[in-house]
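What follows is subunit A paired twice: with subunit B in the first complex and subunit C in the second.
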Partner chain A sequence: MTISRRLLLASSAGALAAPNIAAAQETPGVTATEIHIGSTNALSGPVSSYSVISRCLEAMFKRLNDEGGVGGRRVKFTVYDDAYQPPRTLEQTRRLVERDRVAFLFNQLGTPTNSAVHRYVNQRSVPHLFLATGADKWANPREFPWTMGWQPSYRVEAQIYTKYVLEQRPNAKIALLYQNDDFGRDYLHGVQDVLKDRFRSMVVTATNEATDPTIDSQIVQLQATGADVLICGVVPRFAAQAIRRVHDIGWRPMMFMTNVSVSVGVVMQPAGVEKGVGLITSDYRKDQSDPAWAQDAGMNEWRDFMRRYVPDGDLGDNNYTYGYGVGTTMIQVLRQCGNDFSRENVMNQARNIKPMDVATLLPGIKVQTQPDNYNAIRQMQLQRWNGQSWERFGNVIEGAGS
Partner chain B sequence: MSLSPARFLLVLLGLAAALAPLWVLESFHLFQLTMAVIMALAVLGLNIVTGYNGQISLGHGAFFAIGAYVTSILMAQADWSFYATLPFAAAICGMVGYAVGLPALRLGGLYLALVTFSLAVAVPQLLKHKALEAWTGGVQGLFLMKPDPPRWLTSVLPLNADQFMYLNVLIVSGICFLLAWNLIRGRIGRALMATRDHPTAAEAMGMDIAALKTGAFAVSAMITGVAGALSAVAVEFVAPDSFTFLLSITFFVGMVVGGVASILGSIFGGLFVLFVPNIAESISRAAPGVIYGMILIVFLFVLPEGFAGLVRRLLAKLSSPENPKPQ
Partner chain C sequence: MEAFLLQLTACIATGGIYASVALAIVMIYQATHHVNFAQGEMATLSTFIALTMIQAGLPYWVAFAGTLVVSFVMGALVERLIMRPVQHAPILTHVGVYIGMLLIIGNLTGWVFGYTIQMFPSPFEGGGPMLGGLFSAHQLGSVAVTLAVLILVYLFFTKTSLGLAMRAAAYNPRSARLVGIRVDVMLALGWGLAAAIGSVAGMMVAPIVFLDPNMMLGILLYAFAGALLGGIDNPPGAVMGGFLVGVLENLAGAYIVGTDLKLTVALVIIIGVLVLKPSGLFGRVVFTRV
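== the complex of A and B ==
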């Protein structure tokens, strides 16, 4: 109710105000020598470990400026601290948009935090680009044309697993275990997207609460249905339990685990490294600890950047490969803009990225957008646990919109 | 009560200072100030139970959250007007506060602090719970809409939504501050303080300690709940992550910095907890928490009785040479 009324109001107000805005301020945040970009991140608080992403991006814009900038302009990148609290995110975002008058917003961190500004930025027509969150709701160009995510969403990941299952076992019976919240439900939606009408006949589901002590009963219940495929959208603690339990009761399904919960130290070792052999997950980034990338041109480019611009950065922290990828995408959009850095054109370029390679992403995985598809990364590669490490196999698989 | 001319002037000045930002500040700063006033109101609520009644509460973020959610659910799910939700938010928070006040009768000091703290930790998780999700929107939270200024007002006084919100917050908070002031300087206020300072003596004087303690909790939760309701509308969004236990600590910091058991101090406390983190961040982006902590320590050293204590001392100094009090 409220939303629809709000939309109606916003659109009518927007229609009335549009000519005035266009005349009053053509390109906020852009001068002859500078483009001002804003962001928020958790520089303090419980999840401040993500603040290295902002450090990485600052360093990337510094490198860009050292190399002459873009469109004859230098990039000024302002990051404010929201401590991962949604009200603070709104405060800081308004500060960026209304006081600092940034050209647009880039890579703000977090799902609840971005939710708090989702409507604000879309009402004001401020590009809200390449957010640091894996939720699915950012790829909704019809209702929120100014907001765009970057990394593959959990929903895309589930679509990819389901596609692989259909290819390998067209008559599979799929058991789906997911956590009963937004995170888990994205997996449910992803499986539904691919199976459509067949979902009812092919899939049995079980859910768990984040507060449950164990998920043993769900595993037993799913095994009893005779399923031969198991897809798990659960957090690391339950992932370890699931892997162990499935092994211990002698169930041998083709088992998929969300890539949120595949850390060797946190999941595989507690579960028992030998119990997880054959487990499948996915990734879109190059793992810097993988010897396969020791001489890789893309990763060497990243290492060179780290050495010169973030000399004290932890090379083992994969937030830096993430930051490098998302920063590369942003710079590509700026280059595409030519000499027109108006909000309309920035958004227009952001939704028209031709498939491009990014140094820190796996070979074959492209960043791309279309006006009706905001899933900037929609491909992943599967990998299998061999008892010691994750081994990539097969081709890159594409999820949403294809 | 009659106002002396000097007092009257002071009230007028205060009113002017509160209203001036409407025209002086641009939208963003006005929004910040709106949030600061809301924080001040929440700190006032905490001050009543902790400052005046001596019951330590580390759980006022929970009341803030409940107030915010009552208003949001009524507005988003039942399409109520914002104004109609305020009494409900206040009433429900008052009831919850009363219920929390009951264990407070048996538990004192640090134990009570822990009980209330557990409330602050539990509420965000309860808001995500499946059983409540149909109402609370779960992790996604709820979106609402600021009230638009009515036409009769805009025809006299051209206000945009942000200015109107500030005005609303100012009026509601002003009423709450006045009521709290009235409560504190009367019979009940003295009874609250007597219970804090010497419960045995207070009881011997015939005061009903149990009723006072639970009553203080109820009033305190009510005020903080109203602040929560205002914040939900000002931010136009609520989610469980907006109300982590850190919020309760923030109120506590605001109360101590502003001045324990001081109504004026609550205002300063609200301004402090909203603006100082921003100042800290502008000094050091790498470690804003460290700077914030340092500013906090400096404040506690320089102003041991909070901001209100400083004002009290200054006033005493100003008045003493002119009319020395007889010893």
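== the complex of A and C ==
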């Protein structure tokens, strides 16, 4: 609280000083010496484990400032707590835009929370960049030109699984289990994107509600259709149930699980590590616990950053590799801006990122955007569960990136 | 045919979950004439307590018995400390208190034990799949436990004087007091018993659906529907109702309307039954003489 009050005082002092600078009228949040960026995150509440992303980003901007800033300016990064509650996200976002007058918004956390401000920021033409959510709706430049996600969307993920299925089993019968909400329907749309006309003949679907106690019935129903491929877009509780149930009824499909629900501790162990052998998922990040990256230049860059700027951070927490990747992308956009940090130019640069490598992303996976394609990351590599850990295999696959 | 059998056993296993929770709802209704919305959260908290005991190294059945005792005390304390002060308040106050408890206990559980899902051991593991792989040992075991609890509850309410006194205290506190029943003790006992039965339900459900602070949120809705369908004042009826909801919901989802409408169909059928037979399929019609 004291911190945010201090930030508030500092920013209102900045606003008082602003009339001296002619350009301040057209470029809110930007002075001759500073660029003010705003964000919201769940610093409290049930998903507050994501708050380390904001810590990571603060540390990255500190490193940037230590190295002389960007465009001759220092970056000031203000994060307010929304406790993952959409009404509070709207309240805090309005505070950032209208009172703090930030230049733009960056990496706000969550799908329902960002949905609450989606219209608002687009009406006010505030860049709403690189959100910490995997929903597909952020890649819609025609209707929401000011909003952009970062990580591969669930839809891109489903496209990648479907492409792999077509390559391995061209005559597959695909069973699709998805949660009956925006998250799950992204998987439905991804499969449809790739199969198009063949969707009706190749795919059978079943849905579950978030409130269902079990999905046993859906699994049995899908098995009965004779499908030999199963794609699941469900949250961790149902992922663990699905892995166990599929195994217990003796069904052996080529099984794909959303990468939201493949944590070893949260899903694979509760389901039973031996029951998930052969399960396929995907990733776009380097897993810091994988010995393959022990001497990797990119990961050493990340470790060096962690040691110097987040010395008490948990090196096993992959929110830090995520934060490092998204922070690197943001800084690239700021560098591209040159000396013009107007909202129009920030957005223009954000939608014109040439394919770039990022230290914490898998080799071959690039961050890139075009004015008509806001899927900043649209490639992933598959990985398979071997009973103890996830093993990457095959080449990087690119989604259609509609 | 095999697919249908698998589907049916999935229905019965899910129905068993609803039945055990419905039984706990009916229990508290028998003892207090109220439906406790926080029942599910209390059961989840009890299940976490059981898990803590098991992780501390206690044998399963010791932890099971310990959890029953802790839950009983917890239920009785809730009655003493929270419900007693609002005893004579309007029904809406009670609803408010129940919802408040639902939020407080749910968040407290998450705060103490975390929100990630956890594996909960089953006492019936090791037998492998039974009846030709249709049921797992745990599914059969938990149905057996539900039925055993049901028989105990039934015997308690119909064959013991304590059970009779409890029913009397719930149905007509004033007359019960006049014939020498200590109504306040009965209420506390009723809450304790309901919490203990809830904890059994929690421990039987958790190995199937995995344990997390929101485990009971969805289940309670279906269990409530089951209890109403079977008759809220009739323990065997509630268990039947719970099984029926499980079967109706899943068969409708698999063969009639598809999975996205299965809950709707189940609830439409329940409303239909209640319109025709307001006291539930197996409930007694109660006349109130003025």
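Everything that follows uses one rule, which is that the second predicted complex is superposed on the first by the 376 of 402 C-alpha atoms of A that agree within 3 Å, B and C clash if a C-alpha of one lies under 4 Å from a C-alpha of the other, contacts with A are read in each partner's own complex, and residues count from 1 in each chain.
Methods note: contacts are C-beta pairs under 8 Å (C-beta built on N, C-alpha and C of every residue); 3 or more make two chains touch, one makes a residue touch a chain.
Owing to the predicted nature of the structure, the values given are computational and were not obtained by experimental measurement.
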| item | value |
| --- | --- |
| Fit-or-clash call for subunit B and subunit C when the two complexes are aligned on subunit A | clash |
| Partner chain in contact with A:270 - subunit B first, subunit C second, else both or neither | second |
| Subunit B versus subunit C as contact partner of A:180, first or second or both or neither | both |
| Contacts of A:249 with subunit B and subunit C, given as first, second, both or neither | second |
| Which superposed partner A:240 touches (first subunit B, second subunit C, both, neither) | second |
| First (subunit B), second (subunit C), both or neither touched by A:209 | both |
| Touching partner for A:86 - first (subunit B), second (subunit C), both, neither | first |
| On subunit A, the residue positions that both subunit B and subunit C contact, one per complex | 180, 209-211 |
| Residue ranges of subunit B in contact with subunit A within the complex | 26-29, 31-32, 35, 75-76, 79, 125, 128, 130, 138-141, 143-145, 231, 235-237, 239-242, 244, 246, 277, 281, 285-289, 292 |
| Partner subunit C, residues of subunit A touching it in the complex | 46-47, 180, 206-214, 216-221, 223-224, 236-237, 240-241, 248-250, 265-267, 269-270 |
| List of subunit C residues in touch with subunit A within their complex | 3, 6-7, 10-11, 13-14, 17-18, 110, 115-119, 129, 133, 136, 205, 208-210, 212, 217-219, 221-222, 250, 253-254, 258-260, 263 |
| Interfacial residue positions of subunit A with respect to subunit B in the complex | 1-3, 5-6, 43-45, 79-81, 83-87, 90-91, 94-95, 98-99, 111-113, 115-116, 119-120, 180-183, 209-211 |
